[in-house]
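Structures incoming, each one as structure tokens.
Same chain, two partners: subunit A is paired with subunit B first, then with subunit C.
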Partner chain A sequence: MVALLQKRFRVDPIILGSAFAIIAIIVVFPFTLLFLNSFRVDGVFTLQNYATVFQAKRNYTALLNSLQLGFFTSLFSVLLGAPLAWLVTRTNLPFARLFKTLFILPYMIPPFIGAIAWSQLLNRRNGYVNRLAQSIFGIQGYVFNVNTMPGLIWVMALYLYPFVFITVVGALERMDPTLEEAARTCGSRTMKIMKDITLPLVAPSIAGGALLVFASSIANFGIPALIGMQGRVFVLTTMIYSYMHSGGFKGISMAASLSIMLMGISVGALLLNNLYLKKKQYTLISGKSMRPKTLSLGRWKIPCFVLACVIVFVTVILPFFSIVLTSLLDAWGADITWENLTLRNYKYILFDYRLTRDALKNSFLLAISSATICMILGSLIAYISIKTKIKGRKLLETISLIPYTIPGTVVAIAMILAWSGGFGINLYNTFWILLVAYVAHYLAFAVRTTSASLEQIHSSLEEAARVSGGSWTTSLKDIVIPLIRPGLVAGWFLIFMPTLRELTMSILLWGPRTVTIGVAVFEMQEAGYVQISAAFATLLLIIVIAGNLLVKKLTRGKIGI
Partner chain B sequence: MRKLVIVTILLVCTVLLFGAQKIMLYTSVPTEIMTAIADAFKAANPDIELEIFRSGTGTIQTKLAAEVQSGNIQADVLWVAEFSYYETLKKQGLLAQIDPEEASALPENFRDPEGYYYAGRLINMVIAYNTKALTAETAPKSWKELTDDKWYDNYVVPNPEYSGAAVAAVGALAKKYGWSYFEAMRSNEAVVVRGNSDVAQKVAAGEFPIGMTLDYIARDLNVKGSPIDIVYPIDGTIAIPSPIAVMKSTKNMEAAMRFVDYILSVEGQMALVELGSLVPIRPDVDPPANTPPAAEILGKSMDIDWKYIEEGLEEINTNFSDIMLF
Partner chain C sequence: MSEVILKGLSKSFGEVNVVDNIDLEIKDHEFVSFLGPSGCGKTTTLRMIAGFDMPTRGEIFVGKRLVSSVKERIFVPPEERNVGMVFQNYAVWPHMDVFKNVAYPLKVKKVRQAEMRERVMRVLSLVKLNGMEKRYPHQLSGGQQQRVALARALVMEPDVMLLDEPLSNLDAKLREEMRFEIKDIQRRIGVTIIYVTHDQAEAMAMSDRILLLHNAVVQQLGAPHELYEKPGNQFVADFIGLINFVKVRTHVSGAGCFATFPNSPDTPPLEIEKTYLLEGRDRDQILAIRPENIRLISPDQSLIRGRITKKVYLGNTVDYRVALGKDEIRIEASPSLDFDTGEAVGMKFESYVLFDKNDR
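So, the complex of A and B:
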């Protein structure tokens, strides 16, 4: 009887085994292979690949550029994100709630769409801002040139600063306001309170947000590809892309070595984030939502309001307007007159351009299947990790979380090495290689959301079901799944949305029959069809916004902006 | 659970269902022009479904190399920039020896004597200029002139790592003027973008007054009303016969051959002229308006050492990017 009972308590060994096997195949194998490959030349263990990488000045420059881009983007994001967070949470800024939403909005826009918008705005001879400056101030030549390192940092920071903003808002909302009040009662001036109390308390969150921005900016492909390459500013991701697209077979070993380097920096930054935050997380910042007294801005109220409006205008309205305007132009660079406005570009992408249909079909199919597979696999892993006592369960969970910290470019290179026929399975150029890469990269979202929900279910519920004779499957079906359903739905959309517009991995993995939305827009832009890519980008923005609204409705406001 | 199984099966089916009589063409002909030509082909051959993968020659080379390595070649027909790459493929035994019916109409220099590939078009690297910024009189007249201070920060060129025509052009110019020619271009702040259509679009849009690009891409934009025109440089147009070939691995030889025959036929060449402003390779088809015929262009073109282009591909790419990009 006891034995029987114990048997019932166990997770089906087949399911258990397959979870371990799948993780081994899609995560452990490709990344181990990539790592080993970077140390191997003709079957011998050596550091020669790394030596070769550093012999070429271009690789060295790309590495330095990546670090520079990461550093300045983080710095700029902090300067923008932290004060804004303070403004919307701690002051009597008018419409603070609305601004809070608007400041997060850039997070929703795919970064490569932002790059397209800003290359329209700040292009040297044709950029709208430059043309406006020429006609108003009669300037000869140009004021801004987006195809430079500062241009790159500008665009990157505008799309990544929400990371800092969100973390700092969180910290400020959870911070105990009595400390500030105590200081105020003792007669400290606002500036002094800020310096001595508020800032030290939110500093860990600022640092955490900055490290996230750092990791995301060096992993980003779309912005440096669309803005940097034309201005000879190469970073690691675009360098790897160049090797993969034109280097033949020598290219892939260079790409692999650079990938390991990129992965090292990115994982390093995230580890630092974990270590630093764990040590510095002041216990004060834990309690929930004590309404802090808001600070009166006094005579600064109007200037701050204007500043907030300007920031929304620059980060959201201007780029959006630019893309829509360009999509309606007869030709990129044409004068903006009524005669030059047309719907032809939309007609082209909707009805004439063959790739549109393929791209929409492939991207939706990929997003739906990867979100579904991730949720099934991810919830299984979360379940094993939290609800069982199996040896190695924490390792399984940790491994499943790793690929998300690895830049997409590196994930793609690992997949190409593993699945191009060298090991019996050939997925090169197929739908499946994209699917495997997406699943590996986004699995962490599924594991995280499900484990958060699972932790809230007391095991007595399940035990009760099993003691009353229900099998493991029954208890899962009737107790666990209904309880974690909201988490499952949320996780599904968290994976569906970014995979739908994925570019970084897809650009390295797409084949003749597997073009995706991101790739189609990128290719159009790179082929110089600026007005057509703008129309496609508008279409994508509409899909993203509609999707976001839908998610918000479905999750009752828990997810989405 | 059952629903899930059904959905999975449906997913698998949609992906795997690729029927017969489909051929995959890998080409560097720009998307808009290629789509128009494909539609014309489809009208004449409704039973064949032509799928197209369009990219730069460099990218296609890398893609194809990986496909060969993995033993899964998806291309049936290959139509990219220039001869030297086809020589490489021929030596690797990847091309089919074919004898298209229409081939007899081609001049000798437009086909491989052994029958592995045939020129499907003649593409010519020229200087394009924006007609709002410059006129035929003020535009640069020669390649050499591009290194003049006068054109500082004013022009854009394609990247040979992406464009096969640019490989031929860079190779030919480097042979004629030495690599110092490109060093002078770099000092003149020449901007490098991906391919020829990108260059032409940027010139037409006024982002740059001048660009190095292919004649037909600029001509096609001009015909469609864009402010762009071309100059045949006096130190020699770089004329590149752009071959078409069938992959040995094709499972659909009949359909592939019909496509090759269509491109080489009078009808096909007329479609190229009409839909893409291309220079026809057949003497019996008239070139686009205001354009010299192939023989005349070739007569005045710059010498190209194809052996050097084939063997020096890596050197050309590396030198160019070292000088122009890094």
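So, the complex of A and C:
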């Protein structure tokens, strides 16, 4: 194939070769630089940076906080996600299918919006819940303070538990029911089967979900930034942010060393999942789609139903209500009366406020262009990996998948090091540095969705086009692209949606003229413009929900929530 | 005009030869099968002719045009070779209806609409798919998809049609039906066909000549009856049809040429034709004889005697196993003969071949 291409079509090696070049420039170069930089002081290789990092107690505390946050968030996510998964798949819980959708819903809400909602609800000074408690029980002072480590864990777990829920639901649905039936014929009762058969079989999936939660909570920036920093609870991501914020050369080198550490923890957790747990998950669970018999909850049916309703209320309705209510308030902190409600905040963000209008424009432009570039580059990489025999094709694919496993904060630091003029190109504070970072981070989505589609296309379909007289490009145009089009569309939206609301990388890379939606919400919230940030957050939620419904319609329910 | 010539064609991956030095001249209108077990190199050879695999040595001519030569650094890509190909899994494009699938080669060549329509309709009626133009592949049976693939290859009026195990995904009955149809189409339009298969019955039924391959090497090239009746070596004899191999020792004496049976010392020497004998005397050889070429007779009429160990009634024939010394021989006889298990029988060897012992 390769030799054939080289003989006849001089353009093709250029197109295919460009994929290697682009990956080298936007992925290999920045991350190698970051890695080398963390070991270098005045041009000499040393571990001094890491030693310096730990000399400052606050760095050490941030590391411990990150680990603590990751551990407890995973724990609570398992305690919440695994039983709920069992309830909706294996019992006669009323409206189980509806609950299945509702329990996944928090996953769709951008975490920093959840953080804003919860700081409105549990804020020490004037959180809705605290005020309600004060007026009902006549308590002086506050009941809850969200700006603490437990508050952080609470909010994080509510937004990340769907990871555990989704993996466990998948495992329970795919599990071969004959495994349980066999235990029944051996004389086991329902509860004993649960303990002896079902739980051990889904344990690797539970652990896998927990590791995903761990990696995501450590990589998360929005929640610890909006909730933790106010209470002076710092984790690695927020520590890096504050070093970058304070600026200076020393700040950057500290940030780089912390980044490597953050990356190590997060990538380690994901590797553990991929290398060890994924294998177990596949060997234990068959692909049959038979529905196992559901268990009757008996007298527990009503309590379980009420519990499910409460969970939906707390994770979805309450925060949503809080955000919308706040966005309609004239004065934050005043009593909620009809006189205090207004639509002025919406008018302001849509028509009058330059920051929000710029943010909308920038984010849409960024999301559309990064999704498009990712899909072009990603499908090229997937094509090379699956349909050609070019040397190094698997390496190319692997490298293109790596940046997604790296926390966004680290990606941003690497981009700053590479593209701030030190190597002749200065993209700092421009639209382009955001674009490069988005493309690098979300490229994995494009590669994955396209390779899944390409694997379905037998090579003879292309060969048939060749013997019919079509050139390589003709067969690409007439056969391959039309056949993978649904995958391309789905992949585009999978990148468009998260980049539209991106915060973690944007907060480190934005400049005066490149504010994004995420950054705008964050900055307004930090500046205390609570109502307009809530209004903007509501607008974003509406866009996200509409986008998800659209994707679901386009992919006939295969992708989206 | 549309002949295919392979000269010293070879393909290897590192040390492993996949195709080793094939020389072949296929005449215009000829139907040639590449036959052999999986991994023998037949598909690779076909793909080299199509232009999907690059030879490591040798030359390929299609219709007098040199399309591939390692020495002269010529490699014409598949789309410029004007060969039609039918793939094992049909490779019918799922996003195009029958008409669009078949019309595609003409669309690429920018044939005018009216002519395109006329030519597509003509081949569709040739493969008996009239009225199905608007159907999509998922609405077609396996046999119908096969016909679409055939029509798509035929419509471009190729110099040669390459068929890669086209019937292996069909059920037995349909497969037999399609054999005759492909043969019939070829007769009507006179296209040259190269047909790859591992099914000897298929190759025998359809081919003018068969190229039998094993371990990348040509074992024999010839008409089906030649391969069956005069197999060139033990592999060919074994691969095509059923055959018994009996160890013999041959020698020449004044009275003529004789073969003795080392595994059956009681059997007297069998007189054989001189032409079978290799040079030298007293050689260990293998006598190869097909089950239908042994006649069962009463023991007192023959010097070669054995005992029936098994008997299986198959309807049109009866399958006997006869112990001849330490050898077990398979014999196909008419059901009108009636021997029982355990009975002593005489045998008459009517037509056989001798191979050198190490000639495999």
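Rule of thumb we're sticking to: the second predicted complex is superposed on the first by the 542 of 561 C-alpha atoms of A that agree within 3 Å, B and C clash if a C-alpha of one lies under 4 Å from a C-alpha of the other, contacts with A are read in each partner's own complex, and residues count from 1 in each chain.
Assume a residue touches a chain if its C-beta (ideal position, glycine included) is under 8 Å from a C-beta of that chain, and two chains touch if they have at least 3 such contacts.
Since this is a predicted model, take the numbers as computed values, not measurements.
Of the two partner chains placed around the shared chain by superposition, subunit B is the only one that A:R513 touches, whereas subunit C remains out of contact.
Using the contact criterion defined above for the overlaid structures, shared-chain residue A:C304 touches neither subunit B nor subunit C, since it reaches no partner. By the document's definition of touching, of the two partners only subunit C reaches A:G470; subunit B does not.
Counting the residues of subunit A that each partner touches, subunit B and subunit C differ, and the larger count belongs to B. Of the two partner chains placed around the shared chain by superposition, subunit C is the only one that A:L461 touches, whereas subunit B remains out of contact. Once the two complexes are overlaid on the shared chain, A:I479 sits against subunit C while remaining clear of subunit B.
In the superposition on chain A, no residue of subunit A contacts both subunit B and subunit C. Across the complex, subunit A meets subunit C through its residues 1, 3-4, 7-8, 458, 460-461, 463-471, 474, 478-479, 482-483. The touching residues of subunit C, when paired with subunit A in their complex, are 50-52, 54, 75, 77-85, 87-89, 91-95, 104-105, 108-109, 149, 152-153, 156, 162. Remark: subunit A residues 57-58, 61, 123-126, 229-232, 234, 242, 244-249, 251, 331-334, 352-355, 365, 369, 372, 416, 420-422, 426, 428-429, 431-432, 511-513, 526-530 touch subunit B in the complex. Against subunit A, the residues of subunit B that register as touching in their complex are 4, 7, 11, 14-15, 18, 24, 26, 30-32, 35, 51-53, 58-59, 61-63, 65-67, 69-72, 74-75, 161-162, 191-195, 197-202, 204-208, 226, 317, 321-322, 325-326.
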